[in-house]
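All chains are identified by letter, namely A, B, C, D and E, in their written order; residue positions are counted from 1 within each chain.
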Amino acid sequence: MTGALLFGLAGAALVGCGVYGLLTAPGALGRVLGFNILGGGVFLMFGVVARRGAGAGFGADPVPQALVITGIVVAFCATALAVALLVRLCAVQAEAARGGDGDKET
Amino acid sequence: MSLIADAFTLVFVAAGIAFFAAGTLGLVRLPQTLSRIHALTKADNVGLALIVLGLLPQAANVLEGAKMVAVWLLAQLASGAVAQVMAEAVMAETKATKDAAPPEEGHP
Amino acid sequence: MADLLFAAATLLLLLAAAGLAALWRAGNDVDRMLAVQLLGAAGIAVLLLLTPATGDPALLDTALLLALLAALAACAYRAAFGPARQKAGTPPAVPRP
Amino acid sequence: MSALLVLAITAPLLGLVPLLLLGPRTGERAALGMLAVNVAITAGIAERVAQGGRALGYVVGGFAPPLGVGLRADGFSAAMMLMAALVLLFTGLFAMTGPGDMTRKVKARGSAGMPATFFILLLSLACALNLAFLAQDLFTLYVALELLTFAAVPLVCLEGKAGQLSAALTYLLFALFGSVLYLLGVVLIYGLYGTLDIAHLAGLMAQGTGGATAGAALALMSAGLMAKAALFPLHLWLPPAHSGAPPAASAVLSAVVIKAPLFLLVRLWSDLAPLPLTQVAGPVFALCGAAAIVFCGVVALAQERLKLLIAYSTAAQIGYLCLMFPLAASDDGPWSALAWTGGTLHLVSHALSKAAMFLAAGLIAETMGHDRLSGLGGVGRVAPVSVAAFGLGGLSLMGLPPSGGFVAKVMLLTSALQQGAWWIATVVLVGGLLAGGYVLRVVVIALQHPDSDAASGRGLPDARECRWRALIALALAFGAMLVGFMPLAPLPFLDIGRPVTWEGLLP
Amino acid sequence: MSLVFDAVLCLVLLAGALGVVTTGAARPAVIAFIGYGLLLGLAWVRLAAVDVALTEIAIGSGISGVVLLRCVRALPAEPLTPAPNRMLKPLAAVVSITIAAALAAVVLALPEPAPSRAADVAAALPATDLGNPVTGVLLVFRALDTLLEKVVLLLSLVGVWALSRDPACRGRPAPLSPEPAPAPSAFLARVLAPIGVLVGLYLLWAGADHPGGAFQSGAVLAAMGLLLVMGDQIRTPAAESRGLRLLLLAGPFGFLAVGFAGWATAGVFLGYPPGAEKAVIIAVEVAITVSIAVTLGLIVLGPPAGEERP
């Protein structure tokens, strides 16, 4: 059980890392990475909650584990959407910088 | 019987770790990226092979042992190919910098 | 026996971490990618060691996945930073029309 | 077990199939049909709740809540659902390809219908909102919030301009930060109680076993919801996102999207948290709300662009709901019930009036070719219906009779005075004055004689507002006025099904 | 001894996370993030969560890595750094350390014995005929969450496609590399992808009774698809293709159809027909695996580039 506690502390520290990344990142990509680290820490804490709830023949409470899987997929979707926005933004800005013909689209 | 199996496992795992250590050392000490790739791949493959070999007696059943071997084969294949990809990336990058460095603005 | 296997896994992890740290500070980005590959290889070995140590055969599936996806990162790196990548200062590559 | 609750969530999704498989026109018609069906379903739910006098419940998959997830509609959620469904339907009608749109293709800026993507997002919003109002499981609510975010963010940047893209990115990052905080709270709650069902949690929390951790969890969840609702210190993303989006998108974003996290905030503190904790947290929320009303109201006064002005007004108006928390939590019999009714009515009337105003502003901007206030002199002549819709919507923001805003603010004011909360009463009044300032400023400019607008040196354009679209905005504004004919008393409908329990709802 | 291993793993994990957030440049930060994902996968294994570990390795590290590396390419080489505030970093450090310490205190204060739903799941699982409790929670007990999460996935693809220059979202997404694939990448794709597809199918098949399932399998299949695209073995698919759209819809709407069918067969929405639970659950899993694979792959590939001109 103490092993789970260690990971719980690591999860808390990861949340701290993620917040630091969100606060200090110079660009949007850095913030996205910070968000991912933060999310990883939160998920890890959920995993610890699951591990502590081991019983009934299972090594861990399966409910939080299932929720974490859902959460990881959602977090990935968020990352991908943010990245797509960022890529498009960079392209539009680069176009505008090159010739200012970026606003001819409707 | 299990004592012999355990001893076998320990010897081979220890040897595997030694190879990993050698690979890591090479990775740190070798001067060029290309040679580092070489060191990494070789050490990994041999180290992993020794560990898999050592763990085979510990496998609960034949299927588990077969899966271990499958993991090793897959890792072998992947790391060989990855080494190629990375080496190609190094070549491409050095070529790009070489191309880009000498001429001032003469690039099409 | 399980303890010894755990000790071996710890040793591997430490080795990978040491290699990682050294490469991270010294190298260029390809070297950093290499460091990640090293980590992946050590991860596979660790998972293999933990399988008998914990008695959970499902860990082998994780190792299998790790071996499979190590290649993905390398390929993605190569695809993203090929020679067509301009040097600093030029605008980013626009997608093909 | 009421099947309507399941239909409320799934019916909007069914509309996605034709949108993704068939042509845009067919898909658009199917989408509007589904939005109408959604109104019918939510009206049916509201009617059942009112008739039965008790909440409706549904247990998905047949596994009762501690293990499975349940849906539940009480009076409060039924009212919110109906409001959201109406706003979505009207916005959908506003955004559809109209009779003249295909022929006027040449007019690049013209009010052609929105692309098919818009309708996909609108239907997804309907699903997400209904889920947020119905779900009783904290993790299902997390999924609902994510669904809402993923439907709302692309709405901001449908046109792909640089400003919109960066506003959407900021919005997404804020929303994601909010989700993570909310999820962290959920993790702690599960660690404490081993369940995420609101009814079960309310019982467990009332026993006071959680201690400081429970408080921390609620605080984290609230902070996350505040980031998503753009409540005062976390409102920075709202003005660029809501003002930059196309008008139909701005309308739903401002009117209903931010209402879901606000609703959950109310749910959290009135149904989940034990009363002593709510009484501690109430003043903090009220303080944030007061700051939002005053600060964002003043900033709105200083805006030079119509849509930005309306967006800042949204950030300010959110504050009124937060004033409700200490008043409703005071356990002061009829006066706290009055505050509760006032807060809810404010949510509803603000949604209707703000949708009307954003749609009207969009039409005004389209007619004039810009939305700079200094150049809008005399716009009342070319866009009379839009200006009327804007003015009527503004009535509700100012809190003048007859309007929903008036009734809501009077209720909050009465409750505050009766409970001796003078500072809240003052804030309500100051907020009304500020709203009066920025709404009247626009109306006065719009009604000016065009010639008096010498500074800009440009006359009125030949274009005319799109009449049927303006009428839709006007209808929404009238809806906000209709809310104003409520009696000035606690509404029993809103109290149906509280406190939250599954008793009598499970099979 | 296992405690020592856990402690070392936690420390390395933290070092990786710190590496991500303190490395100033984008490319090293993303590379560090890929390594961090691998370590997180190991941590999940140690928490007796092999299902999560598989998901984390496949999605959190593998596919996320592709997305992020691609993003680095698109960023301008010299990021516009705002004038760095001297106070920002120490202040941020203080804030983050405070938050981490508070959370650590909360973790230490969690109640003992821990509350758990494990017993409920164990009691209800036999009725579903599944051996893997996590699959049971995902597809039976909390099927509504999973169904809606499929919609989230679809919606994020809609969001990505909405960024296309073509408002009607036609055409193919740009390939991941602007140039033809080098020989080693092509070789890797040709050799590894078929094996990977087998592994993906194996995870799907195993998922009913052992760790694995639709998410993990879909992610592996998507990764293999991306590998093939990066190796120039297949073209990116055209967004307007009717077949592709059907594949996208198969998962969420197949699941929804099964949910409605449950009304008829089990008397409740998202119920499974008594006696045929496992067969129907596996059918649903197959449908959502296909949709997850296609959706994840397309999300990574990005918005379609508009209609092709011959």
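The rule is simple: contacts are C-beta pairs under 8 Å (C-beta built on N, C-alpha and C of every residue); 3 or more make two chains touch, one makes a residue touch a chain.
All values reported here derive from a predicted model rather than from experimental measurement.
The fewest steps needed to get from subunit B to subunit C, moving only between touching chains, is 1.
Chain nearest the geometric middle of the protein is A, using mean C-alpha positions. Centre-to-centre spacing of subunit A and subunit C amounts to 20 Å, using the average Cα coordinate of each chain. Once the centre of each chain is set as its mean CA position, subunit B and subunit E turn out to be 27 Å apart. Distance between chain centres (mean CA atoms), subunit C to subunit D: 46 Å.
Annotation for subunit B: residues 74, 78, 81-82, 85, 88, 92 touch two or more other chains. Looking at subunit E, one finds that residues 2, 48, 63, 70, 72, 74-76, 103, 106, 110, 114-117, 121, 141-142, 145, 149, 152, 156, 159, 163, 165, 167, 182, 184-185, 188, 192, 195 touch two or more other chains. Those residues of subunit D in touch with two or more other chains are numbered 67, 139, 143, 146, 150, 153-154, 157, 160, 165, 184, 190-191, 194.
Of all the residues in subunit A, the ones that touch subunit D in their complex are 15, 18, 22, 28, 31-32, 35, 38-39, 42, 45-46, 49, 52-53, 61, 63-64, 67, 70-71, 74, 77-78, 81-82, 85-86, 88-89, 92-93, 96, 102-103, 105-106.
Considering their complex, residues 2-21, 23-27, 29-30, 32-34, 36-37, 40-41, 43-45, 47-63, 65-70, 72-81, 83-88, 90-91, 93-94, 105-106 of subunit A touch subunit E.
The touching residues of subunit D, when paired with subunit A in their complex, are 67, 108, 139, 142-143, 146, 149-150, 153-154, 157, 159-162, 165-166, 168-169, 172-173, 176-177, 179-180, 183-184, 187, 190-191, 194.
In the complex of the two chains, the subunit C residues touching subunit E come out as 2-4, 6-7, 9-10, 13-14, 16-17, 20-21, 24, 29, 32-33, 35-36, 39-40, 43, 46-47, 50, 53, 56, 58-59, 61-62, 64-66, 68-69, 71-73, 75-93, 95-97.
Looking at the complex, you find that subunit D touches subunit E at residues 1, 3, 6, 9-10, 13-14, 16-17, 20-21, 24, 58-63, 66-69, 115-117, 120-121, 124, 127, 131, 137, 139-140, 143-144, 146-147, 150-151, 153-154, 157-158, 160, 165, 184, 188, 190-195, 209, 211-213, 216.
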